[in-house]
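You will see subunit A twice below: alongside subunit B first, and alongside subunit C after that.
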Partner chain A sequence: MFLDLIILILLVIAALWTVMTRSLLRASLGLALVSAILTLIMFNMDASLAAVFELSVCAGLIPVLFISVISLTQPLTFKEAVEHMRSRMARFWELPLIVLILGVILVLLSAKFKAKLPALETQASARFVLWHLRQLDLLGQIIILFGGVFGVAVLFKERKKRG
Partner chain B sequence: MVSAIFVVLLLVIGIYCILATYNLIRVLIGVEILIKAVTLLIIAAGRQNGNMALAQAMVVSIIVIEVVIMTIAVGVVLGIHRYNNSLDSRKIRKLKG
Partner chain C sequence: MHALLILVPFLGSFILNLPFRKVNKRLSFGVCAALFLLQMAVILIPDFGLNKINPAALANIFNFDLGVDALSKVMLFCIGLVALVTLCTNSLFLKDSDDKFNFINVLLIAVSGMNGIVLAKDIFSLYVFLEITAVASFILIAFNREELGLEGAFKYILLSSIATVLMIAGIALFFLVSGSTHFAAIHSALLAQDKSLLINLAIALFVSALFIKGGLMPFHGWLPDAYSSAPAASSVFLAGIVTKAAGVYVLIRILVSIAGFSLTLKSVLLFVGAFSAIIGAIAALTQTDFKRMLSYSSISQIGYIILGVGTGTVLGLAGAALHIFNHAVFKSLLFMNSAAVEKALGTRDISKMGGLGSQMPVTGLTSVLGSLSCAGIPPLAGFWSKLIIIIALWSAGFKTYAVIAILGSVLTLAYFLSLQRSVFFGKLNAEFKNIKEAGFSLLFPMILLGVITLGVGIFLPLVLDKFILSFNAVLGG
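For the complex of A and B:
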């Protein structure tokens, strides 16, 4: 329980750092860190299949996507960067305070609301549920993947030169 | 119950990031944090109910959808950068109004 709490606090701190850090590259790496910490939480909660997916896809692929976009866009000039940093600090200084105050309020409120749900233990494994009970989900995933592929193909299509 | 508190905090961080920033890549990072919060919520709910298999199946679906959304969104952001030469949402004048 204590370890769970520490990992959850680390998750929020990593998310805060990701949002508040100045550099976009660091923010992308922070996102990978958030995913890695979420993977730890999933392993701790006995969700190993989802944890492996989270680690390989969310902590591996998505930061690479972000980093490639950042490398394809032009960086700010020194003057712009200084101005940007000032305006960012003005906009983001209150976020840690909001998170801290909201956290304290929620902890105080949670003592009143004890959510005890009935345990519905099922013997089915995640693999069985995915392949036998949730087949429509798989169909939806395939359709969405095809949609994504066509979307990328349309977005990056080279225009034909006339003449 | 403890996880639910942290889910709310992650949701607040993600929403704040989307609202307070003008950079389109940071908006996507905010959306990513929102998706992480939802993922954590589903896993926590699955554990609370004792139905972790269903929760894991749903998380796998969410991860697939998340990747596709991010790929398309990144492509759109790149297109906007090519057209406007900036990632600042205030400088996107077309389609306004």
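For the complex of A and C:
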């Protein structure tokens, strides 16, 4: 219980840092950190398959995609970045407070729901789950990745100068 | 066979990007147009050759759980039709061959995503395909990389993300209750635990997310900016089908296949529908930008569709589906009209226009057809779908909402008459005396959509017989 609480607090801190940090690059690293902590939670909850995917895709592949996009953009100067961060701090100072209040509400509500995840009917292998049970989702994920990469290429790649 | 509707557009986009791009670029328009025409033919003609293909080898590799009913067929046909006219619009507006080619690729990905939404029988798969459609839509809105387009895409991303969070939370709760993500399993679990707080919360989260995706008031913040700032072809596609597939269709599917129509849910749907229909129409009345007026008009018309759905009856659902089809046709047509006018004049400001009907007769005539159909004037297609929705509301005992729907129609007529008078009638501005009609690639789809609007209206008995009978099956009647 104590460990769960520590991990959850770390998750919230990493998430807040991700949205409040001044640099896009740091934000994408923060996102990877959030995913890595989430992976720990998933392993802790015996969802090893989901954990492996979280680690490989969300903590691995997605930040790489983000960083490749960021490398194609014009970075802010140090002065602009500091100014941007200050204005964001002034606008969103209440964000940690909201997260805290929501957390308390959810903890109180969870006692009321008393829901328990039904036991899985089969302990199917990852291969079976992906290729037989969730084949359509797998195709969907491939299309999303293809679409995302294509979108980056279309929107961020410098277009040819037209004579 | 249905798996091909998802696989072929995606593989088409993939193959077009393999080596020999020069050849692929030349072929892309034709291949893409043929694909969309085939999709329409497969749905429209049950005896069409491709419908009999059931390749065993393919079925062994791809074990997708997909389903088709009357509602899915309407959607699949609309997707094919709107994608085809978008393709034609794109060929006129983008000059650069690379841009044209890239647009076609994104269009194929979007079509694959929407076909997946329509065919999925599992709530998580449905969510995955919603995201594919959303990703493709962001790219389409920001395609020209202009400031307004990027801003519109950013607003869409932000509100779409909120919808995603709500949806994922709803899916998690459905899974918690039923232990499955399949429509039928969730439906059975819901029947067994009817009054559960968790179930009501899951339904509320999911429906709220779909209100955002559908652009209903007061969740419409992204829609006018996204529609009006997107490139012409993207506006046609977004307004014609994307919002309906990603918002309205999914809402109907969730209600019909999972949640059912409780009295509370009906009340919420009817209120949101009526609110969108009236406020959307009033907002449209105050606009001076051609595309923004059409955007608010879309919000109003989606309100009508939700009013039909909110009755929870076969007649209401059939009216809603017919209005989805009609709205896909006449709103695509009107956005093409606005694109043609903007291309000719270089502005979308209605106050600077006037008398364009003499210079652009086809655009003017088809615009009148689209506007009158949208306002529900007989014998055009829009009249029948609105009439069915109003009859469904009245016969289900929601008489106040039926009266509101009639009032909304009067407001629709008011803003479209004002638009027609300001743009196509009256005295021609001397500045525009040399403007010419749009090119053939825009005129052809305009005429096609105009003929469909007129044809469906005149030959409605043929369409309606199939419609009403089929929708009995959708509701399990």
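A few remarks follow.
Throughout what follows, the second predicted complex is superposed on the first by the 95 of 163 C-alpha atoms of A that agree within 3 Å, B and C clash if a C-alpha of one lies under 4 Å from a C-alpha of the other, contacts with A are read in each partner's own complex, and residues count from 1 in each chain.
Please note the rule applied: a residue touches a chain if its C-beta (ideal position, glycine included) is under 8 Å from a C-beta of that chain, and two chains touch if they have at least 3 such contacts.
Given the structure is predicted, the values throughout are model-derived calculations rather than measurements.
Look at A:132: by the touch rule set out above, it reaches subunit C but stays clear of subunit B. Look at A:59: by the touch rule set out above, it reaches neither subunit B nor subunit C.
Of the two partner chains placed by superposition, only subunit B is touched by A:4; subunit C is not. Using the contact criterion defined above for the overlaid structures, shared-chain residue A:110 touches subunit B, although it does not reach subunit C.
When the shared chain is aligned, subunit C comes close enough to touch A:143, but subunit B does not. Judged by the touch definition given at the top, the superposed model places A:32 against neither subunit B nor subunit C.
Of the two partner chains placed by the overlay, subunit B and subunit C both lie in contact with A:151. When subunit B and subunit C are set side by side, the one touching more residues of subunit A is B. Residues 113, 115, 117-120, 134, 137, 140-141, 144, 147-148, 151, 155 of subunit A lie in contact with subunit B in one complex and with subunit C in the other.
For subunit A in complex with subunit C, the residues that touch the partner chain are 112-113, 115, 117-120, 132, 134-137, 139-141, 143-144, 146-148, 150-151, 154-155, 159-160, 162.
Across the interface of their complex, subunit B is touched by residues 4-5, 8-9, 11-12, 15-16, 18-19, 24, 27-28, 31, 34-35, 38, 41-42, 45-47, 49-50, 53-54, 57-58, 61-62, 65-66, 69-70, 72-74, 91-92, 95, 98-99, 102-103, 106-107, 110, 113-115, 117-122, 124-126, 128-130, 133-134, 137, 140-141, 144-145, 147-148, 151-152, 155-156 of subunit A.
On the side of subunit B, the complex with subunit A involves touching residues 1-6, 8-10, 12-14, 16-17, 20-21, 23, 25-26, 28-30, 32-33, 36, 39-40, 43-44, 46-61, 63-68, 70-72, 74-79, 81, 85, 87. Across the complex, subunit A is touched by residues 6-7, 10, 13-14, 17, 62-66, 96, 98-99, 102, 105-106, 109, 112-113, 116, 120, 122, 124-125, 128-129, 131-132, 135-136, 138-139, 142-143, 145, 175-179, 197-198 of subunit C.
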